[in-house]
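There are structures below to look over.
One chain, chain A, appears in both complexes that follow, with chain B as partner in the first and chain C in the second.
Now for the complex of A and B:
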């Protein structure tokens, strides 16, 4: 039981970070980025390709994260520009349709050029015993990276001026503008951050099990569920929701079985929406 | 080409057709438009009738036209984003197949029962959404979770559904449903019935309520329109239309699999077709289905580039015609007319 719970926590931390990358963009720009998963997969492919061409793991991972950040920034500066002229639900809907198109293009390029590419990072070393449970070094390293990144993110949003500017735009775009915050610049920053997070999560995932190029849709849906359960735009909520869904996922896949687990996971998400439409930590709609 | 617009379509958002002048056309011209559509589509087998593959593609196009018309009733008329078109169609197809092949129910009756299931599920979603006052995006996400849960249920219950390998549909195999050309006309008839139904609904008091709640929900509620009830009507009727089309297709095609009804294979194309043709217009869904079926067939030979091409096309279309083709053509015609005396 402890082993299953620990597995769930490891998984849940990754879910949480994945959700954060989607939720900040939604909270800030009102954009539901359905190309999020494919962007993460693009990062995985970039890491894999640069390692094959002789780069060592560290720089390759950085290059992959950078790739995802750049794609995400490009998205912000090109096809999402017309979206920002719209308001409210129209903005969400138009962004959703356009990013579906982007998701198709990224998926299409990956299927066309790198059909058999996948990323799997083997972290060597003996299992380490935690609470009497042997844990793989890869899982522990992944969790450490996720926890550090999560902590850094929370510190960034709480303590730095830039982080506060970001939160001010999430709360009230017009008010933030009146206080001298430039929403366009904050948006660029957040899109880069979102892409980088997507890349980072996929790298940590690859430490436990291989990531194939067909993972994009699953990653997008997972991020969406975490985001919704946690409350759109809430960073704390995304982490909590990630943990809950991660634990639910490993407990039920251990005791019940894979297909039913997905249904339970989806049911949990749907139930949260119905009981608390604003999510665990969401602003009231 | 001004006969398409049966609704007044002056919703608050640009995508849902805002900015169009309050324009109502007579029932007669709406029915004339449907008749012309029927005649044009009836001629398609002249070019495709020799090829079994092409007839299959054409029937698929009509199936998507049915989905898109039904989705237009739910989303276009009342703004409920149901991202479970594929799952509702799959519900119709699987339950009709299982009832007729396993339980020995005559298949026309099985199809009706399957439609009933879809009506109940769709109506329940509308009821929940209204009770919990979910907005468009949340309705979308709840129904999306249903889509994925349905797919997993089909995969997990392999004993009943055949799992990933799919299910051969026995019922209907000894009828005209498995011949080459008649199924096309059957589906064409279904498209026309759905279109007529759309006009009739929008002409009735239900249509008035739809327009009122689309334009301004609060105002509609204040003037005594029971918004929740009309949302449930739209959800139930539209879902029934989707479920019936899915069930009929199962008996025509003779084989169903989870892939046939997956989110990516049904919901995404249907949304794209409807937005491209024009949300809230009468012929928009049919035009969208026709255009995208044709494009899909052209691109089929470049299978590797197909995803990229579709994605690019999607982005370009939404940037160029965010209000849909039907409205773009109409406003172009209006602009031409306005030249001359103001």
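Now for the complex of A and C:
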């Protein structure tokens, strides 16, 4: 049982970070980015290709994360520009339609050009015993990276002037502008951050199990689930929801079965929304 | 300091405010009075860059700032306090104040000035802005605006949602601000309060300036007395 729980926590931390990348963009720009998963996969492919061309793992990973950040930024500066002229529900709907199109395009390019590509990062070393459970070094390293990144993110949003400016735009865009914050610049920053997080999560995933190019859809759905359960736009909500869903995922795939797990995850999400319609830390809860 | 000439603006095709000219000199307090829906908010939003100007010029210290975006206007020494306040509800009082100084770090001297003006904000510095009372939120909105050390502060209906006693207090703090040399432009429905603070005033009705002059003169004007002061 301890092993299953620990597995769940490792997974949940990744889920959380994945959700944060999607939720900040929604909170900030009113955009639900359905191309989020495929962007993550593009990062994985970039890492894999760079390693094949002789780059060592560290720089390759950085290059992959950078790739995802750049794609995400491009999205912000091109196809999403007309979306920003709309407000409220129209904006959300329009962003859904456009980003699902982008998702298909990225997915299509990947399947066409790199059909058998995938990313698997083997971290050597003997298993380390934690609470009497032998854990793979890869999982531990992945968790360490995720925890450090999460901590750095929280510190950034709480303590830095730029981080506060980001939160100000999320909470009241007019108020932020009156304080001299330029929402367009904050948006660019957050899109880059979101892409980078997608890339980072997929890299940490690859440390435990291979990521194939078909993972995009699953990653998007997962991020959406975390975002909705945590409350759209809530950063701490995403972390908490990620942990919960990660543990649910591990427990259910161990005791019930992997195929049913997706349904159980959806059920857990539906249940949360039934009890708290705007999620754990939703704006209007 | 602020010169608005022949300004027209509105939402969509039809201009709500038409050909309005007002000016505010350094160190002055100027009131724009008028009934609900007269166009006061629309005018102020256009000056501050929250609403596009369809024609006319907004000049600030000899330079045209027409259609400068709100976040840029905020950085050239003009602070706007909207009637809806637009605070950051989930952030603490201290964080709201700190963002007022954006992009700089909050200036300690300015912060103590603000807290001197509104001691309540110091007592509540860790409380979330959204959980405060209307009067406290109004203080915070003005305090946040002051953190940028503005030379001109523009307020839209600072008494919105305040009980009479609190409304009077709000104007007392504005009077204290004046003494410190901050130039004030205020739009107000509560005409007696506004005319007591202001040196000069404009009467805005149906999107046009109907009347202007020194505050004392406006107070004695029969039309103003009848329409806004409730005196026959």
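List of remarks:
The criterion applied here is as follows: the second predicted complex is superposed on the first by the 284 of 285 C-alpha atoms of A that agree within 3 Å, B and C clash if a C-alpha of one lies under 4 Å from a C-alpha of the other, contacts with A are read in each partner's own complex, and residues count from 1 in each chain.
In the analysis below, a residue touches a chain if its C-beta (ideal position, glycine included) is under 8 Å from a C-beta of that chain, and two chains touch if they have at least 3 such contacts.
Since the model is a prediction, treat every value here as computed from it, not as a measurement.
With both structures placed on the common chain, the touch criterion links A:267 to chain B but leaves chain C unconnected. Using the contact criterion defined above for the overlaid structures, shared-chain residue A:277 touches chain B, although it does not reach chain C. Chain A has more of its residues touched by B than by the other of chain B and chain C. In the superposed pair of complexes, A:183 makes contact with chain C only, with no contact to chain B. Of the two partner chains placed by superposition, A:57 touches none, neither chain B nor chain C.
In the superposition on chain A, no contact is made by A:133 with either chain B or chain C.
Of the two partner chains, neither chain B nor chain C is touched by A:4.
In the superposition on chain A, A:171 makes contact with chain C only, not with chain B.
Within the superposed three-chain model, A:161 lies in touch with chain C and out of touch with chain B [touch as defined at top]. Interface of chain A with chain B (complex): residues 32, 79, 82, 86, 88-90, 92-94, 97-98, 100-109, 111-112, 217, 221, 224-225, 228, 257, 259-260, 262-263, 266-267, 269-270, 273-274, 277, 285.
Across the complex, chain C is touched by residues 161, 164-165, 167-168, 171-172, 174-183 of chain A.
Contact residues of chain B toward chain A in the complex are 13-16, 81, 128, 132-138, 141-142, 144-146, 148-149, 152-153, 155-156, 264, 268, 271-272, 275, 304-315, 318-319, 322.
Those residues of chain C lying in contact with chain A across their complex are 48-50, 69-72, 74-75, 79-80, 82, 85-91, 95, 98-100, 102-103, 105, 144-145, 148.
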